[in-house]
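Just dropping this structure here.
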Amino acid sequence: MLFLSDNTARVHPQVWAAMQAADAPDAPYDNDALSQRLDAAYSELFGRDCAALWVGTGTAANCLSLATLVEPHGAVICEENAHIERDECGAPGFYLHGAKLLLASGEGAKLTPEAIEAVAAGITRGVHQVPAQAVSITQVSEYGLAYSPDELAAIGAAVSRLGLGLHMDGARFGNAVAFLGCAPAAAAGPADALSFGFTKNGAMDADAVVLFDPAQADLVRWRRKRAGHLRSKGRFMAAQLLAMLEGDLWLDLARKANAAAVLVAEGAGERLLYPHQSNELFVRLSPEERAALRAEGFAFYDWDDAHARIVAAWDTRPEHAQALGRAIARL
Amino acid sequence: MLFLSDNTARVHPQVWAAMQAADAPDAPYDNDALSQRLDAAYSELFGRDCAALWVGTGTAANCLSLATLVEPHGAVICEENAHIERDECGAPGFYLHGAKLLLASGEGAKLTPEAIEAVAAGITRGVHQVPAQAVSITQVSEYGLAYSPDELAAIGAAVSRLGLGLHMDGARFGNAVAFLGCAPAAAAGPADALSFGFTKNGAMDADAVVLFDPAQADLVRWRRKRAGHLRSKGRFMAAQLLAMLEGDLWLDLARKANAAAVLVAEGAGERLLYPHQSNELFVRLSPEERAALRAEGFAFYDWDDAHARIVAAWDTRPEHAQALGRAIARL
Amino acid sequence: MLFLSDNTARVHPQVWAAMQAADAPDAPYDNDALSQRLDAAYSELFGRDCAALWVGTGTAANCLSLATLVEPHGAVICEENAHIERDECGAPGFYLHGAKLLLASGEGAKLTPEAIEAVAAGITRGVHQVPAQAVSITQVSEYGLAYSPDELAAIGAAVSRLGLGLHMDGARFGNAVAFLGCAPAAAAGPADALSFGFTKNGAMDADAVVLFDPAQADLVRWRRKRAGHLRSKGRFMAAQLLAMLEGDLWLDLARKANAAAVLVAEGAGERLLYPHQSNELFVRLSPEERAALRAEGFAFYDWDDAHARIVAAWDTRPEHAQALGRAIARL
Amino acid sequence: MLFLSDNTARVHPQVWAAMQAADAPDAPYDNDALSQRLDAAYSELFGRDCAALWVGTGTAANCLSLATLVEPHGAVICEENAHIERDECGAPGFYLHGAKLLLASGEGAKLTPEAIEAVAAGITRGVHQVPAQAVSITQVSEYGLAYSPDELAAIGAAVSRLGLGLHMDGARFGNAVAFLGCAPAAAAGPADALSFGFTKNGAMDADAVVLFDPAQADLVRWRRKRAGHLRSKGRFMAAQLLAMLEGDLWLDLARKANAAAVLVAEGAGERLLYPHQSNELFVRLSPEERAALRAEGFAFYDWDDAHARIVAAWDTRPEHAQALGRAIARL
């Protein structure tokens, strides 16, 4: 019973079907008919004009998005647990040519306007310090917490006051929308660029860079090619994205993952480090307790000395989630 | 009847089957059982120890390979038509942090020891010029020509005299082996790093970086992650590579593509710019002649004012190839 | 009797005097009174608003100038003998983060509108090729030839048609102005950014980045600091620049260097590879002839098998130049 | 009465004299006779073979030094107040092509073995995190504190256990040696590369990259040129360095600066944030107190809300230092 990561989940049958339907000759790269439909499909989803480009990983999506907002001598303000800071092997430094990440701390790995402004206020030495040019937030955060539309509006106001761009890492954007129960546009808030991930949510390897300023699309096209991310058979990625969008499959799957996590959360109760808001839970468990759970067949990651990370996916079986919840409750 | 590019071809059924068989939970990134088998599988194929890592595009394979051989202040000697120079949007400059490509010219886009040594001999100004650190050749070349084992040995000797590394862009390595009729190791010659492509040959999006110095594998692992090319569900890429290696499917498919090109070449006769050695043909055709062929339903690229590029793929139907050959012969 | 390079020349006494006058405590970096005067001084010289920033080398001046015009995924069109291509150890690739130099050929290392347009016309493959974003020309060229105001206007028109920026490498800009006998603004033509060198012309180590779009100055300030070129005692560089501008000392010294070269050129006659237009001469001399000249005490560089490069400086003694001219004539 | 920075100080007369003596034609770049003497001069100073190369700024010295120790995908562990982190506008990210700085905290901005090991111990996620490859410490630290030979030995042991390189930012290395009263080699400890600064200590614009592994010198030569730091009249920088080394002028001047700071420190007494160990003092002074001192003619920087930074230089007049000390004591 795997609760390691939503990365370990299977590919949804509708995604498989769409990929196979795409297996006919068509123009290479992103000149095929499916890739050409992406801008319209995402524009409809968000209710405003945007450009959408497929990429194969969340790291590439984050870095290409940031490249529209930050110059090589600039900086990105992010939370110290952010994936771009801690889990991408310095990819932003590579893609942004040495631009810096300036770190703030936030409860549950969420940034606040105050934290952003405090970092900006510390930049006082003219050319001796790098200028902040963008803020990057994660929806849901590294601790699985969602930013509400009000919180996003407040961050947007701060970002706007400071003259910065706003990037949203949406590797689990679907889980945020499913939890918030709002429109996708509301969950994206005032972001200029969104890394909208489907890979953790039923796709094989397809995320999207969504640019709410479509004029930036050419820049991302050049940089995507230059980074080796323009696949020659891009139609298979477009097919995945369109299959996920079709009938809001992405949202349905995110709800399933969140619901499975609820079943675990109910058993975890007071042991939860943060309230349940997505498909990720951080649960206070001693090494001995973890060993006991593993002995019962549950797999998950150690987060730190005191906590385990438990992640449900779209294909987590409810009875497995319930079993884990009960096993924790019994401890 | 498409002769645009082997990129437009379909995914082979055995590749599909392998991908679907991989659709069960397993460890993420390249920690799954399939990815762990790659080193052994490629070592067996080449009859010597090597490390093999999956990547999603030939551009990424080329750049990650070169990163094992070239420092940011160094240079790569390549032919002026090389894909890394002309078709990758400056990706080597990105991955190698500004290292230069030093261009030589060669008949049929093939480098010779003399051409390599002439470029090296032009580097005389000490720190005012970048030092050459590697040579990159393409098997088969941009004009579809194969390097014979003897030619490779001569290049290897020159490279060795000059103290350089040797990279081989093998986007169509299978077509080279199919033409040469030699062992894969003989077609790779003294290369230190090989970009071994399957995407143009029946896979969906899976090429391999093959490192004949396995000690370089860690470097490529870091750089691959840093470039956003470490997919979280890497098992689907490993599945593709293993399916292609299984029973030498890759070689079988390359032979099919080459054989289809032969059928075209027989009709093209004297119009061929270079002898037929792979699945790519460059055929002297006036604009009017090209229009006439297109009117008959044949699709292909204009190469330059006087030539069309015609590419057969593993799934090119022999009757289509024959039809094209005859149509050209009739002109 | 040194004719190796204008780099070997002495520092002019007025420059020494200005540096010593600057040897009093003042604010560090470029916050001192002298540095603050540069924008006005260069604006007056060029008769239009510009920003001027000191840097210590021509390589830094070229690269920082280009950074205002070219993105990391872009390209610069330049002549194949250009200093940025051949003599700066890949510095543009470093400063521009992997942007490419696209090479054209020109008689006497001068670009023409036709050559520029031919390079631009070769960029046809969309994101697979890097887009040209700027042209860089050298005034005087690597072969010591000046662009006339008419030639500059024609280049400017081509650059404008293509939507590119224009950079001028003016390491020997003074020699060009001295030869052309025009206003500095006319010799700069439609350049957006000019590397205006004084180091070869009597300064110790002070060149200027001159930005005819002053709004780019902040970018250069960040990048200059980031490249380690913001000296803490910048007042000594500003002092050099202002001393050279004072009473047009720079022009007086360039005329002296050009005049010395004339004395050599008169002796060289038909042996000159190109007409005399600055302080650099390329003279047809066999190895034996060069040996004979060296035996008489003349030092110069071998350019290629058939030519020597002879460079006069501001402090070249006319009698030495005359002696060299006569020695060549006697051969 | 300036106590802003040792950057504002004058150039020492012996440095002037040496520069003027160098004002005769000689080979360009670093081929002149003076530059050729540097390796021997620094090897003698440190009592072991080393290579020494001139550069114009401490930022360039730091970055070129680090480039011998760190790859683009690597990281440098440093203290959070380090100049490379806070005052160089991201220059390490530029020179190291996106490598990260991993921050530790230390009392008085000094690193400890424990702090270094704690950062290293946090790198547990394989390729998802950048590997540490070097440690950078500052002698004296950003708070003016010196590392004793014992402390350096302990750091060296930790660095060695972890398999890292060690860089020392010695912008005020002379002040450290003057305070410690030990041999230069003892103050450099087990550093692999040292940025040895003279610019704050009586030179005009000359620091040295000192490489205790001379085999790294070629790398620095290429990178220095590529960064535009190879000046064509390098003899003037070599002259400065040799003048400072001659008769240990550098040490004499550092002692003078430290002695001036003592005079201030005696007046500051309990107000000192840290003990006096160099020419920098951080003094607890309220905004009102600072205003009062400024009204008496003393200039210095605000460090934070509660402290002023007071820096003495080699040419600080003792009576001015004494006056400031007394003025503080009177508050």
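We call the chains A, B, C and D, going by the order they appear; numbering starts again at 1 in every chain.
Quick note on the criterion: a residue touches a chain if its C-beta (ideal position, glycine included) is under 8 Å from a C-beta of that chain, and two chains touch if they have at least 3 such contacts.
For clarity, every value in this text was computed on a predicted model and none was experimentally measured.
The chains that touch both chain B and chain C are A, D. The geometric centre of chain A is 34 Å away from that of chain B, both derived from CA atoms. Distance between chain centres (mean CA atoms), chain B to chain D: 49 Å. Chain A and chain D have CA centres that are 42 Å apart.
Looking at chain A, one finds that residues 29, 72-73, 88-90, 94, 97-98, 127-128, 130, 222, 225-226, 230 touch two or more other chains.
Taken as a graph of touching chains, this assembly is complete, with every chain in contact with every other.
Of all residues in chain D, only 29, 71-73, 97, 127-128, 130-131, 219, 221-226, 230 touch chain B in the complex they form. Contacts from chain C toward chain D in the complex involve residues 2, 4-5, 7-11, 16, 20, 23-29, 55-61, 63, 88-91, 94-95, 199-200, 204-205, 222, 225-233, 236. Residues 72-73, 75, 86-90, 92-94, 96-100, 125, 127-130 of chain A touch chain D in their complex.
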